[in-house]
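Would you mind keeping the following structure in view while I ask a few things?
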Amino acid sequence: MKRRKWYSKKNLYEVIFGTDTPAGKGYDIALLVVIFISVIVAIWESTPRPSPMVKTVLTVMEYVITLIFTLEYAVRIYCHPRPKDYIFSFFGVVDLLSTLPLYLSLILPGAHYLVMIRAFRLTRVFRIFRMFTYVNEGILLMQSLKRSLSKILVYLLFVLILVTIIGTIEYVIENGEPGSGFTDLPSSIYWAIVTMTTVGYGDITPVTTTGRLLSALVMVLGYTIIAVPTGIVSANYINETRKRVKNGRCPRCGKKVEEGFKYCPHCAEKL
Amino acid sequence: MKRRKWYSKKNLYEVIFGTDTPAGKGYDIALLVVIFISVIVAIWESTPRPSPMVKTVLTVMEYVITLIFTLEYAVRIYCHPRPKDYIFSFFGVVDLLSTLPLYLSLILPGAHYLVMIRAFRLTRVFRIFRMFTYVNEGILLMQSLKRSLSKILVYLLFVLILVTIIGTIEYVIENGEPGSGFTDLPSSIYWAIVTMTTVGYGDITPVTTTGRLLSALVMVLGYTIIAVPTGIVSANYINETRKRVKNGRCPRCGKKVEEGFKYCPHCAEKL
Amino acid sequence: MKRRKWYSKKNLYEVIFGTDTPAGKGYDIALLVVIFISVIVAIWESTPRPSPMVKTVLTVMEYVITLIFTLEYAVRIYCHPRPKDYIFSFFGVVDLLSTLPLYLSLILPGAHYLVMIRAFRLTRVFRIFRMFTYVNEGILLMQSLKRSLSKILVYLLFVLILVTIIGTIEYVIENGEPGSGFTDLPSSIYWAIVTMTTVGYGDITPVTTTGRLLSALVMVLGYTIIAVPTGIVSANYINETRKRVKNGRCPRCGKKVEEGFKYCPHCAEKL
Amino acid sequence: MKRRKWYSKKNLYEVIFGTDTPAGKGYDIALLVVIFISVIVAIWESTPRPSPMVKTVLTVMEYVITLIFTLEYAVRIYCHPRPKDYIFSFFGVVDLLSTLPLYLSLILPGAHYLVMIRAFRLTRVFRIFRMFTYVNEGILLMQSLKRSLSKILVYLLFVLILVTIIGTIEYVIENGEPGSGFTDLPSSIYWAIVTMTTVGYGDITPVTTTGRLLSALVMVLGYTIIAVPTGIVSANYINETRKRVKNGRCPRCGKKVEEGFKYCPHCAEKL
């Protein structure tokens, strides 16, 4: 086997995109650490406390990280066999958006916070540590959620109409009371959502007895309603896992059966 | 086929009530947009911010929308084969109530907020986009809720008696403390509901150690109790979906079977 | 059949304790109304707003209701075949406690709020309206909860130890911060319970970054932990309903089978 | 049988470590009471209210309890057949940490709160009262949680990335508003967690309409997402209990079957 030069396209591809070789794994772990640091730097930069020295260090780090990401993005495009496939893939777009913020922030002040998109790159952690079974779990979950999506959407529309009506009634009751937070309809609908989801900030709360009575009704309603999506997803998930069990094992005795068998070799159950 | 005039009763009926023809579908979509705009206008009008010009525009829009709804309501009655059936149907009443607010607000100031009833008209969205499967999901859900209703009602009565007792005890403990929100029994019962449903506004909170101890008990109680309705609805929903599967498919092998079959053609299971 | 005098022991027993005769049903409904009014009066009396006239009316009503309850209690003892059985039954004790508060309040000021015990008498509503199926649901639920009780108790002890530890750690982190509510250990443990049950009053909240980090951990922990009792009760409830279905119907085809049958008459399943 | 002296190693071991003899049970109950008192003393000491006399009593109690625990720890090491096994066991470490705080607090002021580790010693309550079935329930629960752990971990990572993104967006929207709590990214991410878990303290709340709109979305999102871990644990727990039922009983008729049986003696089901 001819030894490839370390900077050959194929070699770079194996190291940067692959996780099978020790170098590829090491590279990905190093990258994860850099991404994690870049997120921490961005979070730290936003705090008002850092002393001028810390601020300088953070800014320098931000520049260094952006440089690393820019170089890495260029190399990824260079070494990929079909660059366009990479550029327009989910991770390709995330990688591009991870490099841009600093450049954009020179023009747009708010753009700096796009660095948080880098958080998405952390999902690579699954690929590196071969947590495929974990990913499978995630996919099974996603399927369960997807299968429930249509039901949940209908449900959400119903909830949306409900909170609009409830918010309006509470607004009519509470508006005008001194110190009341129900100053307009958007605030009242916001209050209805905050209450029904049992979040309950307490920034807007009813002060009249009538308002509190309706409020109590809404809570108990939300309390009962919270049961519905839980029931849907649970039911779907249970059915999902049951089906899997059926495929791999005999549905009667529970022992493993090979695919293609017509009868269960343990209990004679027709399969 | 004789061409009907566009303003013929039958033609109007097809366009306004039907969704099968392109015109009928287009009409319903246009109506949905108007309803949606009218809800947004009503919400916007309630905010204290709009400048005089915006306010004028919103008022004019409100008048125009009311005019459209009034005309539409008249035409619906005119073209329906049995007007009384329409007038006393759910959507007939909602349509009427959607036109009245502006007229009523000339007499009663608060009546203006009845415009929010228009939100109910948005449920037509399901009919237009033929989201029948979604509606079926909704119906299945409703059935599941209905079947659980008796249990949930017994449960709610129990909860109501419980919060009355708890609210009274906490009132006896906390009343008289400086800065305490437990000024009367209704407030205390309201606090008990806010706490047990885990909403937790924080507008009324215990300040004494004894009060906090009881409060903690109530939370953990509510925490355990929240499991009950969820369990009920989940169990009913799972049974509901299981029954359906049984009817359409063989309960043993899971393959589709036609109605009337005495044996499953795939696994010889007696049906 | 000899006609009994209306004030005969047996007749009074039938009217007061029974619900089968029209008079017995009427009496119970009238009693329910009086109980309901007495609860409303007690709640109303606690509010600081009532004008002197309203206050007088409420006080008079309280006296009248107490008189009615005292008389009723005396008659119940008089007409019951085994008075001791009634006196020491659950409803006997509740009935006694419902008459005492006014008498006690002449000696002890706080005793007045014992009137709220009358709320328990409202549970008779089930008996009157023959909501036996509702009561059955309640009993099934209670059984499901009872069967889960041992698990939930172990769980609660675990939670109690957990919140003690968490409250202490947060106390060590937050104590001494200006404006911090973590002034002592009871407050901190109370905060831990408020947080883990997702009630979240907001009367005590972390202000340091470390405190918020731990706080976020506790929330996500509570978020995951909340799933456990729900799962337990749901699972038990599903098993409970499944067993019932099995007893009354064939477990394979789902059709009704009479008790004692050895084979299902519809699908030949051995029972 | 030769009578052992009461202070013999074997006798002490039976009393201190065992719970089978009356003396062993009595000793463990007495120890539980002391542990419970020590936790209460520690909690009481932290409150700012105690009068000087109470404070002195509490300090003396703390010294006495520490002395008892120190002696007990020494005796436990002395009488254990393999002292090292005890010292490095979970309870050995907890016992050691329970004696240290007072000694450490002479050097480090904060170390005093390590006394709360004693709370862990309370878990011995299960062993003493032979609540083995309870412990079994706990173990079954733990297994159910463990089996769900991988799924829940994937889920938590997803949630972590989600709250980072949401917190950043809300920060960009709300930062700079007067009276806004969104002063930096950590606060905003903390707010996102507080909101998504439906805790909702209300210490940081959106004030702009855009911010409230996103906030409402996050709540409804969290509302739907809360269903997922519940579904997972429920499903696993149901499967867990079902498997147990299968092993001990016939899966078809539900009657008890002895191990080793090839056919159910009640319904001829092959096992």
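Worth a mention:
Order of writing sets the labels: A, B, C and D. Residues in every chain begin at 1.
Criterion: contacts are C-beta pairs under 8 Å (C-beta built on N, C-alpha and C of every residue); 3 or more make two chains touch, one makes a residue touch a chain.
What you see is a predicted model; the values in this text were computed from it and never measured.
Chain A maps onto chain B through a rotation of 90°, based on Cα atoms and reported in steps of 5. The chain pair from A-C, A-B or B-D that repeats the A-D interface, sharing more than half of its contact pairs by residue number, is A-B.
With centres set at the average Cα position, the gap from chain C to chain D is 29 Å.
Chain A and chain C, compared by their mean Cα positions, are separated by 40 Å. Within chain D, contacts with two or more other chains are made by residues 186, 189, 198-202, 226, 230, 232, 234, 238.
Taken as a graph of touching chains, this assembly is complete, with every chain in contact with every other.
On the chain C side of its complex with chain D, the touching residues are 150-151, 153-155, 157-158, 161, 164-165, 168, 171-172, 183-186, 189, 195, 198-202, 205, 209, 212, 215-216, 219-220, 222-224, 226-228, 230-232, 234-235, 238-239, 243, 246, 251, 270-271.
Of all residues in chain A, those touching chain C in their complex are 198-202, 230, 234. For chain C in complex with chain B, the touching residues are 39, 42-43, 46-48, 110, 113, 116-117, 119-120, 122-123, 125-126, 131, 133-135, 137-138, 141, 144-145, 152, 156, 159, 186-187, 189-190, 193-194, 197-203, 226, 229-230, 232-234, 236-238, 241, 252-254, 267-268.
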